[in-house]
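I'd like to ask some things about the structure below.
We just call them A, B, C, D and E in the order they show up, numbering each chain from 1.
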Amino acid sequence: MNGFAIVWENRQELFAGFLNTVLLSISAAVISVILGVFVAAALMSRGRILPRLAGLYVDTMRCVPFLLFAYFIYFGLPSAGLRLTNWSSGLLALTLYNIAYMAELLRAAWKGLPSETIEAGRAFGFHGAGLIRRIILPPVFFSAVPMIGNQTIQIVKDSAFLTIITVAELTHAATSIQTTYFVPFASFVSAIFLYWILCMTIELGVAAVGHVAHARR
Amino acid sequence: NDLDAVKAAGTLNVATEDDFHPFEFVEDGKPTGYDTELLALVTADAPFKVNQQIMPWAGILPGVTTGKYDMAVTAVLVTDERKTTLDFAGPVAESTTYYMTKVGNDAIKSASDLNGKTVGIQAGSAMLTQFKAFDEKLKADGGTGVKEIVEYQSYPEAYQDLAIGRTDAVINTQINLQAVANEKSDVFAVGEAVSDPVYIAWATAKGNEKLVEFMNGKLMEARKDGKMYELQKKWFGTTFESMPEAIK
Amino acid sequence: MTWTDVLSIVQGALFTVSLSLASIVLGLPLGLGVALIRWSRMPIFNGLAMAYVSIVRASPAVTLALLIFFALPTVGLSLDPISAAILTLTLSTGAFNAEIWRGVLLSFPKDQLDAAAAFGMRRGQRFRRIVLPQIIHSALPALVSEMTLQIKSSPAVAVIGIVDITRAAMRVGARTYDPLPPFAVALVLYSFIVWIFVMAQRRIERRREAELAAAA
Amino acid sequence: MSPMHAADTTSAVAPEDAERPVVLTAHGVTKTFGTNIVLDGLDLTVRKGETVCLLGPSGSGKSTFLRCLNWLERPDSGTILLSGERVGLRAGGNTPMSDRELAAIRTRIGMVFQHFALWPHLTVLQNVMEAPVHVLKRGREEARAEAEALLERVGLAEKKDQFPSRLSGGQKQRVGIARALAMQPDLLLFDEPTSALDPELVGEVLAVMKDLASEGRTMVVVTHEMAFARDVASRVIFLDGGRIVESGEPEAFFGAPKTDRARQFLQRYSKG
Amino acid sequence: MSPMHAADTTSAVAPEDAERPVVLTAHGVTKTFGTNIVLDGLDLTVRKGETVCLLGPSGSGKSTFLRCLNWLERPDSGTILLSGERVGLRAGGNTPMSDRELAAIRTRIGMVFQHFALWPHLTVLQNVMEAPVHVLKRGREEARAEAEALLERVGLAEKKDQFPSRLSGGQKQRVGIARALAMQPDLLLFDEPTSALDPELVGEVLAVMKDLASEGRTMVVVTHEMAFARDVASRVIFLDGGRIVESGEPEAFFGAPKTDRARQFLQRYSKG
């Protein structure tokens, strides 16, 4: 039988995997951007200890390979008494790992913000969290959106590694179909196609936000 | 002409998995295990050299179906689905699918106790297909069926999860499970069969009749002079002497 | 886990490092070339470059490796595992590099280019003498980030039979039925390799900052 | 009134003005960057309704001084009082104010920036409403009505829903002024509000500023626009090398500068 | 001489000048961005030794026109001739020049930019030597000697090994001028060379430009410096909405502008 026909027969498994990939990567992206803001704020803060601690976290994550990181979250944490399902371990690993990358790129955008914009905020009586939330973050977001999109694509690809901890995402589904029926190419080409659709959607989203941002630059 | 091509090239390209203990695995950087030693045995006086590529299971299938490798010299379980896309040489082992639990798990005393339990199996494997059939049987017998089947890319992770307690049982061939349980007798214990016996054989892409024929001959020789059974004894602790001559 | 096991993982590390280095060295100019094609908007090539970047960025490296190693022979290009692995990693990192180079090219000050054109420099000269010496510095942080990600994604090529760090560790785990210790060793090795790159970046940045401070 | 007043070298105001309440007092303000002494003990008193223009060559410390007044730059020593209250340091001791205290006192000092420093993610109207609503916690509707009135006043009512990037420099700066006025501050600070503008657009901003001066706002203006200083300032202060070299009424300063340095400076501007 | 000369509306030069060779001819230059007609059929003839000043309100097309002269902007129609040779299009037909041909003709037109556009990775001396050595292929030593002489001339000999970031705006622009002179061009183009400078630094750049004018260089200068135009221009051209509205000798233009638009424009500049 034609490989693609077999894949089509098993489309439900493939779509279920795709749905998992979408859910995992989008929630990981959203959560890591939100928490990345806090880490970026810590990186930019004036204290002695806080920025170093945050920097240590960011550089550690940048040095650790995601596959092994996910492995340790899933298999290592239980020995420390914390047991999570495969799905929540996967999400936790993706999130913890990408908070660091998001924080680093938000920091770059933050540093690139004209100091006068922030100063104007201070001069008008903004301070602390209000200053960050109302004056700093919106333009930081607008300028960081392309990089956030880029990193979200990386998250999508990292999510493929979660197959090792049994998360039934897209690569998992494709592998499962290929080894059951011996149709490697049809199943991988189908997977790439679905990945590509997801990445294109992300790129289009970035372009749309970029459009909004353009009016304000 | 497939065999002729191999002879003309002077090399038989085979692919062998690297983490399926005791059938095939890597020790000190060298491939070893039952299939590897059997391959060396049957090709000792062959009219070609053997080029053995060691790689993960996920890479072997594409390699064989595209003809990059002439044969998968690795433990492939023979199933009906696979027979439609692959040809098999004569059987090299017999396998029955079993479950394995943690030592002292009193909740699972027999195969029917798997009702309502969580089990781990390799994704896309023949064992998975067999176990799904077994699950249907459990339900047909009035049980609830298993609670969940967790699919792993490879078995080390499945054993790890069993040890941690995320799953109640792992499903695999008896040979594999026995090897694990021997190695870690304080952790794991092999339970009962959950399938009828099936054969394990080396696979080629469709259209390699002559190569299959050649291998069948060599394998039969190894059975006749008892060398194959010696290897089975060495690696599995048992022998399979009533296997057919060829896979039909 | 024995010392021989540790040694086998270290051997895997040598593979990881050499494959990564090879693809980094090849991927930098590849990405730059693709970015230049897009920058100069060469009619047909621009579309091809866009398709390459879009599709390869979306493909998990494992899948890409399988396609290159097993599908290319059907069109008559048969590669050994090492070449296929280098090609896979190069194509993949090249696509990401192309976006990075394109980003810095787009933000290159237009009036400097105008000045170069007004002084009679031809296209190649403008790029070589004016643009390149400057964008190398602005692209560095993103390029190094990409290098770290690409080193870390190199386990993907194990699927075509390359024994890198991760695969070596898995083999040990498969034999001993105790994967955590070899994985811990692997984690340390990876972190060390990537750390060298991150540190090198920080060093270059600091040196450059000092230079700029001296010149400002 | 502060006891330092007697030492104030810049209080040569006309007699009738001496009655007006003092809005701002700066005393002995010094600031060093590395080894570079940028402000060298500056004193300044500004009374309600005055427009004080700070002039001086590039690098003389004008911006730094202005930024010290609302503590955007922290002086090394010296005191700043806004209507008698300490800015930056807590009353009595030398403990620095907390972020919150500093923010509270800054709401009473409006500032207009050289490069506008509008918030790019907000529309013109939102820029003007932002601080009144989110800092002063005024009601949104009340703040909107006031913001619209102010935009009307600077001639930008019909631009209120545009983003700053769509405006010309002159329009941006008028928004910057409306934004500062919306805080109803006791004192307005301007740092070269027209020097980033195309020559043609300078006029529209200066016109608004003249208007503010004539309605009796208290303003400190750093500027290179000599004609504006001559016409509008109630007092001119000439800085050089971080010190006040000369100060006085504009007629006197421009007509017959007392110091060589000021004369030289004014000459450079007249040729060109 | 080109046959279009007869149609040139801007050739009202003094009789004795009519003898001098024509360096630049622009004829019927039009340029549209989207639906915006930015240049609407401009003609210009510049003779050797002339200093032509282009004036006009913001957005009137001055920069666009200047950039069309060396084909940095490609006009939609019209011809540009440099000493009788076509710029941008091949002689005869309408085929665009190749990169190489364009580069060759551009070496004969020097350009000075509003924001300096120095190459920041090169030192001052290297900035000046870059194009002579790598474009004109002059010998390195010869180019260095000439570059040093030029830097001496603009008063920057002792800054030659600094990077541009270390210089003030006025110094940067003088390097920009030296860089243009190093090509020994037939024609020099200036686009608002002083408008990005602090008021104090404008003088030093204008002084160098006056010098160039008086030694008989051929220059086209876009500027907002009315005093400079009045003193130095041999001819003033006033653009508005992409058309030449008025042109003539500076005394006439500044003394008694003929058109309302020019009068209005000059008025805006004279008030503060």
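FYI, contacts are C-beta pairs under 8 Å (C-beta built on N, C-alpha and C of every residue); 3 or more make two chains touch, one makes a residue touch a chain.
Just so it is clear, the model here is predicted, and its values are computed rather than measured.
Engineer: Steps needed, at minimum, to get from chain A to chain E via touching chains?
Structural biologist: Between chain A and chain E, the shortest chain-hopping route counts 2.
Engineer: What whole-number Å value describes the gap between the mean CA coordinates of chain D and chain E?
Structural biologist: Once rounded, the distance between the two centres reads 39 Å.
Engineer: Please work out the Cα centroid separation of chain B and chain C, and write it as a whole number of Å.
Structural biologist: Spacing between the chain centres: roughly 37 Å.
Engineer: As a quick test, compute the distance in whole Å between the mean CA positions of chain C and chain E.
Structural biologist: Result: the chain centres lie 46 Å from each other.
Engineer: Where in chain B do residues touch two or more of the other chains?
Structural biologist: In chain B, residues 58, 62, 66, 157, 160 touch at least two other chains, as defined above.
Engineer: Using the touch rule from the top of the page, what residues of chain D touch 2 or more other chains?
Structural biologist: none
Engineer: Touching at least two other chains at once: which residues of chain C meet that condition?
Structural biologist: Residues 62, 66, 70-71, 179-180 of chain C each touch two or more of the other chains.
Engineer: By the document's touch rule, what are all the touching chain pairs in this structure?
Structural biologist: A-B, A-C, A-D, B-C, C-E, D-E
Engineer: If we count contacts the way the header does, which residues on chain C are in touch with chain B in the complex?
Structural biologist: 4, 8, 11, 62, 66, 69-71, 73-74, 78, 81, 158-161, 163, 167, 170-171, 173-177, 179-180
Engineer: So in the complex, which bits of chain D are touching chain A?
Structural biologist: Listed in rising order, the residues of chain D that touch chain A are 70, 72, 99-100, 102-104, 106-107, 109, 111, 113, 115, 117-122, 130-131, 134-136, 163-166, 179, 183.
Engineer: So in the complex, the part of chain A that touches chain B is made up of which residues?
Structural biologist: Touch list, chain A to chain B: 1, 75, 78-79, 83, 86, 163-166, 168, 172, 175-185.
Engineer: Touching residues of chain B toward chain C in the complex: what are they?
Structural biologist: Spelled out, the residues of chain B in touch with chain C are 15, 18-21, 25-29, 53-56, 58-59, 62-63, 66-68, 154-157, 159-160, 180, 183-184.
Engineer: Which chain D residues qualify as touching chain E in the complex?
Structural biologist: Within the complex, chain D contacts chain E at residues 57-58, 195, 198-203, 206, 224-228, 231, 268-269, 271-272.
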